[in-house]
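Pasting the structures here.
Here subunit A shows up in two complexes: once beside subunit B, once beside subunit C.
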Partner chain A sequence: MVEENKNIISYGKYIISWITLILLVVLQVVLGGVNLGANSNFISLLLSSVAAFVIISVYMTDRSNKFISNIFKGTIVAEILIVVLLDLLI
Partner chain B sequence: MEFLESIILPQSAQRIELLSYLTTISYMILLPYLALLFGSTLLSCMFNARGKSHQNTHYIKLSKDLISLPAFNIYASLGIVLLPIFTLMFAYSQIVQVSALLVFDNLFYTVFLLVPAIALVYIFKQSFELQEISNLVNKTKEESSNRNAEFSIYNKKIFMALTNSSRMAVYLLFASSYILIAAIKLMSDTSSLAETTTLSDMLFCESTILSFLYFLSVSFALTSVVALFVYFKPNSYYEVSNRKYADTIKRFFLNTAMIFVLVQPIVYAIDVMLIPKAALSSSIFGISAGVLAILLIISSLLYHMIKYEELKYRGIVLLLFIGLFALLAAKDQAAFNTSSQLQVKKVIKAYEAKTVEVKEQLGLE
Partner chain C sequence: MPFDDQKIDEKNSDLFSVNKGMWIFILLDFILFAGLLIYHFIGGLDFQTEYSFAKSELLLSFGFFNTIILLTSGLTMGLAKVAALDRNKFLSMVFISVTVVFGLLFMVNRVIDCTYLAGKDYLYGLESFESLNEGLSLFFTSYFFTFFIFMLHLFAGLVMLFITLLKLIKTEEISREFSKLNSTVVYWSYLTMIWIFIFPILFLI
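Then we have the complex of A and B:
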């Protein structure tokens, strides 16, 4: 018996994630011309982390293997937390 | 917002050009989504009220279907609305520097209207689902009268949540869209930036009111076209399950799209006539010709679909609407580029002076 593929994602989801990624890049480029002082690195890292989270949660999620998907997502969440902590400490 | 002066750096000519392209991309994404959000919320609220007063289940079902169109994921909705607004705020403040202070302030306040509006749209959508569950419980002929009484209170609360959230969402979306359109209109005529000092100057001028009317007509037409595209996919639920309901909504959306597409050329022509001389250029007229051509093609296709009661062009019409929004975004940006030339020259001069100063400090010259 052929198993149903659980990883089929609708086109709508692809388009929305693509638009979100474009917007994140656009905002990153625009913020490049703003003097945010010590927060500059924090904001660009945060925006990159959000973009990475979108990519992982849409394109790298294996619904048949939740363990692997959670490891990927957990890595990005940990990265965001480290970025926030570093900004608070430094 | 005095901090703006200290954080915005003077920009080079190449970077200003890049920022101009990025603002166009932001408009191309923000305006269609905001139009869809506003149009579908307003129509949904209207059908919900009509369904309640006429006790018509088709209207209530249509109201629920309409609100599901823009409300697919709350984080995605917030991202699609907030990221372009932040982009516009910082991009404009870099291109025309402190002259854009009023626009920066108002776009910032718009965020505080849009976030609750989106949250209310999702509450409205969730309330529909809760109401369905509550109706199911009432249908199961529960013996206990206490439970029936409990559910009648629960039903009333859901009804209140539905009515209040939809109304508040419409009011907030109306206010935020109006302020956003006013800000875009003000930026497309930077010569009037010095004279416009208060919020009322920005909001209550004829060009803003007319642009908002145009936005309204586009939002209703776009909502209808998106609804036709989403609901009438081959073998979709609407095609197969309920023929009478499908025919009703097909007729309603085709007629609504047609009416609001036919209104657009008139409003657009008056809108172009109100563009100040300082913002006029050959590209504005070229874009206007493109907009009118697209509207002509859309109206012909809609007429064909109404006449032959078929929907085979609904995909092409949606694609043409995306093209229409791209042209509208390009038009606003072209008007801004033309009218802001003097401010841009000042910014480039400041950039060159700053470059010389930095080079001298580093001992390079």
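Then we have the complex of A and C:
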């Protein structure tokens, strides 16, 4: 049982997710300095949404209220879809 | 094994649960921040030149540094949870204390940023602020308002961290404080997540 708990959270899992988040932010800043035209806003928001999803999935764990927790994940997914849709429309 | 299929030992279950009140607060609060950021974003569509100029006046390096600080503080909170699972009370307290230091560092950085902008007469409330054109005025009003709301949240987060730390110091059995610890981790991670949106919308886009 203790081993199963350790599979859910471990030092390695948090450190890998932290490195991923740092890379996403660095990418955001680097791309912010490159002129990508109308796509700049879209890419920046998309990277933010991916980072937010990583945070919710790894850091904001709640095994007792999965429904509410999933609503939050769904909100971020919906936000990603709206950003993609707006980019296609504008 | 998929994440959701993994089982949790009954005696550790509190470390993976958050009360519903916290989730409802987070969901409602997220809507508040989304509204603020959408308002700022739409303003940028109407006053593109002014917003570009205003962004060039901001300290991007400070914004970036703050993002790294907050992400790292999120990591240390997560590590405090792993240490708690290992029943290592001391290490868990060390990680929470490091998070407090990062939180304070973030606040100090924001104060420096505000002082810098005040020196350039962009601080909302100053007499010279009234003389700014509509676009710049709108940018800095929503900029400072968003920051003010975020700083209130951060302050509340620091208070939660202190309370959790005190409870950990007092308790003999760390598992009694699992629920409190996880709520603090979730709230602090929520702040990190909000900042992940604030940073590009205020500084980059």
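Heads up, the rule we're going with is that the second predicted complex is superposed on the first by the 82 of 90 C-alpha atoms of A that agree within 3 Å, B and C clash if a C-alpha of one lies under 4 Å from a C-alpha of the other, contacts with A are read in each partner's own complex, and residues count from 1 in each chain.
The working rule: a residue touches a chain if its C-beta (ideal position, glycine included) is under 8 Å from a C-beta of that chain, and two chains touch if they have at least 3 such contacts.
Bear in mind the structure is a predicted one, so any value in this text is a computation, not a measurement.
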Following superposition onto subunit A, is the placement of subunit B relative to subunit C best described as a clash or a fit? fit
Can A:72 be said to touch subunit B (first), subunit C (second), both, or neither? second
Figure out whether A:20 sits in contact with subunit B (first) or subunit C (second), or with both, or with neither. first
Subunit B versus subunit C as contact partner of A:85, first or second or both or neither: neither
Put down the vertex angle at subunit A formed with subunit B and subunit C, C-alpha centres only, nearest 10°. 110
More subunit A residues in contact [subunit B versus subunit C]: C
Return first, second, both or neither, reflecting whether A:34 touches subunit B, subunit C, both chains, or no partner chain. first
Give, as a whole number of angstrom, the minimum Cα separation of subunit B and subunit C in the superposed three-chain arrangement. 8
Set intersection of subunit A contacts, subunit C complex versus subunit B complex: 22, 29
Across the complex, what residues on subunit B touch subunit A? 6-9, 11, 15, 18-19, 22, 25-26, 29, 72-73, 76, 79-80, 83-84, 86-87, 90-91, 94
Touching residues (chain side subunit C, partner subunit A) in the complex: 1, 3-4, 6-9, 12-13, 16-18, 20, 23-24, 26-27, 30, 34, 60, 64, 67-68, 71-72, 74-75, 77-79, 81-82, 85, 182, 185-186, 189-190, 192-193, 196-197, 199-201, 203-205
Taking the touch rule as given, give the residues of subunit A at its contact with subunit C in the complex, in rising order. 1-2, 4-11, 14-15, 17-18, 21-22, 25, 28-29, 32, 40-41, 44-45, 47-48, 51-52, 55-66, 68-69, 71-72, 75, 79
List the residues on subunit A that touch subunit B in their complex, please. 12, 16, 19-20, 22-24, 26-27, 29-31, 33-37
